[in-house]
Amino acid sequence: MTGTSPAVVSASKLGLTFQTNDGPVQALSNVDLTIGKGEFVSFIGPSGCGKTTLLRVIADLEKPTSGTISVNGMTPEQAREKRAYGYVFQAAALFPWRTIERNVALPLEIIGLSRAEQAERIKRTMELVNLSGFEKKYPWQLSGGMQQRASIARALAFDADLLLMDEPFGALDEIVRDHLNEQLLELWERTNKTICFVTHSIPEAVYLSTRIVVMSPRPGRVTDIIESTLPKKRPLDIRETPEFLAIAARVRDGLRAGHSYD
Amino acid sequence: ADKVTLQLKWVTQAQFAGYYVAKAKGFYEAEGLDVDIKPGGPDIAPEQVIAGGGADVIVDWMGGALAAREKGVPLVNIAQPFKKAGMELVCPKDGPIKTEADFKGHTLGVWFFGNEYPFYAWMNKLGLKTDGGPDGVTVLKQSFDVQPLIQKQADCISVMTYNEYWQLIDAGYKPEQLTVFNYSAMGNDLLEDGLYASEDKLKDPAFEDKMVRFVRASMKGWKYAIDNNDEAAGIVMDNGGQDENHQKRMMSEIAKLIDNADGKLDPATYERTAKALLDQKIITKAPTGAYTTAITDKAIK
Amino acid sequence: MKQSAVPVATILLALVILWYVFAVILNAPFQRDLDRRANETPGTVEFIGKTLSQPKPTLPAPHQVAVNFFENTFLRPITSTRSLVYNAWVTLSSTLLGFAFGTALGIIIAVGIVHVATLDRSLMPWIIASQTIPILAVAPMIIVVLAAIGVTGLIPKAMISTYLSFFPVTVGMVKGLRSPELMHLDLMHTYNASASQTFWKLRVPASVPFLFTSMKVAVAASLVGAIVGELPTGAVAGIGAKLLAGAYYSQSIDIWSALVAGSVVAALLVMVVGIAGRIVDRAMGGRPA
Amino acid sequence: MNWLKPSWQAVLAIVLCVAGLALGAIAAPKVDPLAQPAGTLIYPYAATNWLIFGALLLAALISMARMPSIVEAVVLFIGAHLVAWLLIGGISGFEGLARAPYFLLLTAAWLLGWRCVAVLSGLRPMASWARSALRLIIPAIFGAWILIIWEAVTRGAGIPFILLPPPSAIGARIASSLPVLGADVRQTIFKAVIFGYVVGSSAGFLVAIAADRVPFLRRGLLPIGNMVSALPIIGVAPIMVMWFGFDWPSKAAVVIIMTFFPMLVNTVAGLVASGHMERDLMRTYASGYWPTLLKLRLPAAAPFIFNALKINSTLALIGAIVAEFFGTPVVGMGFRISTEVGRMNIDMVWAEIAVAALAGSVFYGVVALIERAVTFWHPSVRGG
Amino acid sequence: MTGTSPAVVSASKLGLTFQTNDGPVQALSNVDLTIGKGEFVSFIGPSGCGKTTLLRVIADLEKPTSGTISVNGMTPEQAREKRAYGYVFQAAALFPWRTIERNVALPLEIIGLSRAEQAERIKRTMELVNLSGFEKKYPWQLSGGMQQRASIARALAFDADLLLMDEPFGALDEIVRDHLNEQLLELWERTNKTICFVTHSIPEAVYLSTRIVVMSPRPGRVTDIIESTLPKKRPLDIRETPEFLAIAARVRDGLRAGHSYD
């Protein structure tokens, strides 16, 4: 890490072991990681390698069993209580008794925003994820991708400085995905948020990130951290440049190395 | 031996000592009877039990028996061990009620479940309304204890001379601190514990004979119980009675109601009871054939 | 289990203190009456002492109940009709029988309602109506009728328990059997699973939280039913019989110790159902909260 | 055979009917009390005997022909109810004299009624008014048959009036005692039940929340809450009368105790019913205890809470009525039941029970409707 | 369609309208489609365009409100009753009270397979999706991608002739995805199954399919059907051939045309 900007997330020797009915499962082991303010860090790695677990530790949804971690210089718990981050779960986790609109409003109600401001933010984020017109529908009346977009809208409406996103665009087609990638980059640039982003798409990781963390499974370790040399401004067609492809190749290699196939 | 099932009106207590004594002392056996005594309870209606075929003979108050007779269960009084009524209304002397004239505007505890007829007959006679208005009395359906008086929820409550009255004494009231309105003494009593059987069955001479023997042995039991107060109470205790001292006291009070233990029904009291029930529309027409003296005549020669 | 000892004890202690206060307050008027009639004027401490030692108090003091409870539980042979253990056992046996029948009946009815449209439409309203019939009113008639056809003893009491306990199970299980996720139902649909396969493999496991919750309510209702059922049978033995006998003679201490016995039995029964529920949940891979 | 569509109910009905024919008279004759030469016998069903057998066989046979379901239902409806009507009409004056064919015919008619309900349940009408009509008609026919069988059996077998009166007598009693019933309902339901239900359910709910909020209370309060569950009405009612007087407040207190436990248990179970991810979501918002409760856990608990409200709607009624067996003013449904039993007015007892059943069903129905509206999102309501 | 092989799915003028609290939503309109035996058809289209709905109609989980559809020459209902297809849902839909192994065994229990045969199939499919070692875990002890793989294993163990797969590989990383793509192709080739496959990945669609159905949203219509000219044997590096890229471009164009952005 550059060291100039203050660390938002800083983990050292982080480990986590789940106790299960048939023995312990080591999900994270010896993870050292520092994320500075304003960084866009992608996590990539084979299924089951511990990406979600790492995000959950940062979010204080899981307690590490070894090592230390701090968020904004505090414990994750304190950071959570200060509402330091917004979280997009791997599944949509919408409340079935609320319409889409009221689902997006949920965090806003909790932080006690006025009705008017709620309405404004809902409108803005629903437009951003292209769900206008579905405000009054219930979650089960939406397609899988639409539900995922609603959950992204909910996190964006919350508007925290740190965004933890667990495969937010997994269920979206390429075109919507490109669109949302652009929007996310634009938002990140404009607001100087720090973003931790789990994805399975190498191009997506390279396109979005300032750094790419490659993980390997059982126990989840960080095998490679790749700094992006791409400029901050990134048109979509940057993805055809050799520089981009070189980074992508390096990520792919890192990924393959940690894999159990071939 | 011939089987006879007797259904009592209430739980096992000295009120029914005669039957338990007759069984324990072998009087029934001597008559060739095998008697099964079923205790009752607050929500057992002996009339229903006999109608359902669960008993051959029941202990009942005449009010209930005549009402059931009108509803198609042809009950016939075959013997009347209790000559006098045990029910009375008691009021603490330090309360507002000293005489009948003081009732107006006060709350009185009354037992229902067929035990309310003497009370209503009495109020009828006094010309008091029972709807809770200022010109009448407020009636409280009393549960099977004396709490309403202790809690001062009622100004007077119903008691049996042989039972709840003594609970008041136990609770610290002295007899001289209580005003007692005894239904028998006032001449307002309705017949209490009698033996009733089904008219249809009585047509069968064999059954009638069985009843004769049953009544004879029962009255022998009553006589023995009266003469051996404490032993009778002990027998009641053996059959599930509660509180031995209480049963002894109850036995001696019951003895005063039994009188000469011949079990014969006094037609005059019967007529008065029937009339009072008629007046209150508990029954709609004067009953006929509701009692027979044939059994007691044969039983007690 | 171990961690609950202190909280339970604390709360019980609070209740006992409250109980003493109420005992003094509620027994005071009658004690004052007594003293007045006896022309006595005791001091405050003596007066409070007297309110807590009446033989037939309005509200017995905890120690009076405790002594009575102890005597009737431990100092009598458990075969004695005066032993609370004996009476509790009598009540418990018809409770358990009725609970078993009630749960089975409740589940059967729920299964019928969930699977057969005719039953769903026609039966439910009448089951509800049946539950509004006050048992205490019909119990004697049931028992009279049953006695007339020769059924006596445990069965009539258990039937009243059954009557009271099947309804919570039916209501809970109808909800529980209908609670699987639609996607899970769709999945079974794609396998063309038979109704019974869907039932056993999906509806039943999904209904487990509802089942055990309902069973807790049902076992309590069953106990109430068993106690009520003891009254019209002549109240020979059982907690209900103790209550009734106490009531005839205003022996409030007896009543309260029978009530305590009933409550202890209830708490144990509910706890057993709760533990059974937890074991089943564990066996089903339940995720710790 | 394509025009034939046998149903087991109709076939069995025909078998029973034939068996009835073989066994002879429907009911025994009796001596005419008025006839001049004393001892003359009069016979029941003299005029309607063949009509009954004919109608039954005809309806059963026709119903098996292939035809629109609605026509089949109508044929069955008319056949079953005509036979029932004639049977019950004919037995009057001959109560208790019924013989085996009477009961066989009754069973056969009931089978046709059953078939009728089955056919109606299979209908899927398009019009919404027809659907709601069916929703009413099906339970109504079912209920009507409970009453028909009750009436026919009590009268046919001559069951003593004071054991079980026929529904017709109960109906007549209801019609003639409306003011009394009204006063009783006001005393018992509008005072004791509603108050006790609201307070008892709320108390169970609040204690569950308190136990959930404070772990100390959870461990201490729940076992004690369980003990409350078994405080039997008969034990508690006299005590409540002692404490709260003999008027309705003591009954309400009993209802409170009875309704407390189901709500406690269900709320506790419901509060753990929300999903893990949803709870994690609320944690990421650093949502406090109360917002999480209000916005996530209570909605997720709603199906359980409504279960308790439904169970309580009938428990409250039983509780209030039974509590009135102890000490009451001389009005109220429980008072009436216990006194009228003593007076052998069993028809009045059943009249009160009928009113209680009606009130309880309405109460339950209202709760169920609110449930549908509030938990519209739950799979059990969305259709599963 | 070639017309030589018998139609497995044949829809004409298919339409479906959902009634919701705030008015009807037309999810499918006028869909004409024939799928022959042994075909591998991919469905691609923007989020919410009706792909899932179409699959559900084929599977008899939803009734069309207009038009006709037949499966194996029968109504979808009859086909379902004959257990004509296996379905992989967009979400994993595992039973939380069963271990992974028992979840995979579920359809096998239902069709009444012997214990031994169940064990054999479970072992085979669990290996196929690379979940060996997780047999005794409960679903909530698995990562998102692992759950999805378990649900694929469940469908493959069922072994029906028609496979309906709704974004089965959405939550998987590129490498696992490539691996499973290969495995699926191999299985398809070997068993001559018919596969209907919903995906958001254009390369995946092109790599796997014999035909690609491009759909456009609200109301869901079929805008293009692209026959693949690729050979049946497809090594992974076929994805760099110009032929492949040409088809992919055509799909991308079709997709973009139906989109509301740009």
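To keep things simple, chains are lettered A, B, C, D and E as they appear, and every chain counts its residues starting from 1.
Going forward, a residue touches a chain if its C-beta (ideal position, glycine included) is under 8 Å from a C-beta of that chain, and two chains touch if they have at least 3 such contacts.
If you're wondering where the values come from, they're calculated on a predicted model, not measured in any experiment.
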Each chain counted as touching subunit B and subunit C at once: D
If a chain touches subunit A and subunit B alike, it appears here: D
Chain of greatest Cα-centre distance to subunit E: B
Interface ranked first by C-beta contact pairs: C-D
Most remote chain, CA-based centroid, reference being subunit A: B
Gap in Å, rounded to a whole number, between the CA centres of subunit E and subunit C: 54
Inter-chain centre distance, subunit C versus subunit D - centres from mean C-alpha coordinates, in Å: 23
Distance from subunit E to subunit A - Cα centre to Cα centre, in angstrom: 28
Whole-Å gap separating subunit B and subunit E, where each centre is the average of the chain's CA atoms: 85
Touching two or more other chains - residue numbers and ranges from subunit E: 91, 138, 140
Subunit B, residues touching no fewer than two other chains: 42-43, 45, 48, 52, 143, 145, 147, 151
Overlap residues in subunit D, where contacts from two or more other chains coincide: 163, 238, 242, 276, 325, 338, 341, 378, 382
Which chain pairs touch, all of them: A-D, A-E, B-C, B-D, C-D, C-E
Contact footprint of subunit D on subunit C as seen in their complex: 3-4, 6-12, 15, 26, 58-59, 117-118, 121-126, 128-138, 140-141, 144-145, 167-168, 171-172, 175, 178-182, 185, 209-210, 212-214, 216-217, 220-221, 223-224, 227-228, 231, 239-240, 243-244, 247, 255, 258-259, 262-267, 269-271, 287, 289
Interface residues, subunit D side, partner subunit C - complex: 117-118, 121-122, 134-135, 138-139, 141-143, 146, 163-164, 216-221, 223-224, 226-236, 238-239, 242-243, 261-262, 265-266, 269, 272-273, 276, 303-304, 307-308, 310-311, 314-315, 317-318, 321-322, 325, 333-334, 337-338, 341, 349, 353, 356-361, 364-365, 378-380, 382-384
For the subunit B and subunit C complex, residues of the former touching the latter: 11, 13, 38-45, 48-49, 52-54, 94, 143-147, 150-152, 167, 170-174, 177, 240, 242-243, 246
Interface residues, subunit A side, partner subunit D - complex: 56, 59-61, 80-83, 85-87, 89, 91, 93, 95-97, 106-107, 109-111, 138, 140, 158
Of all residues in subunit D, those that touch subunit A in their complex: 275, 277-278, 280-287, 291, 295-296, 299, 302, 375-378, 382
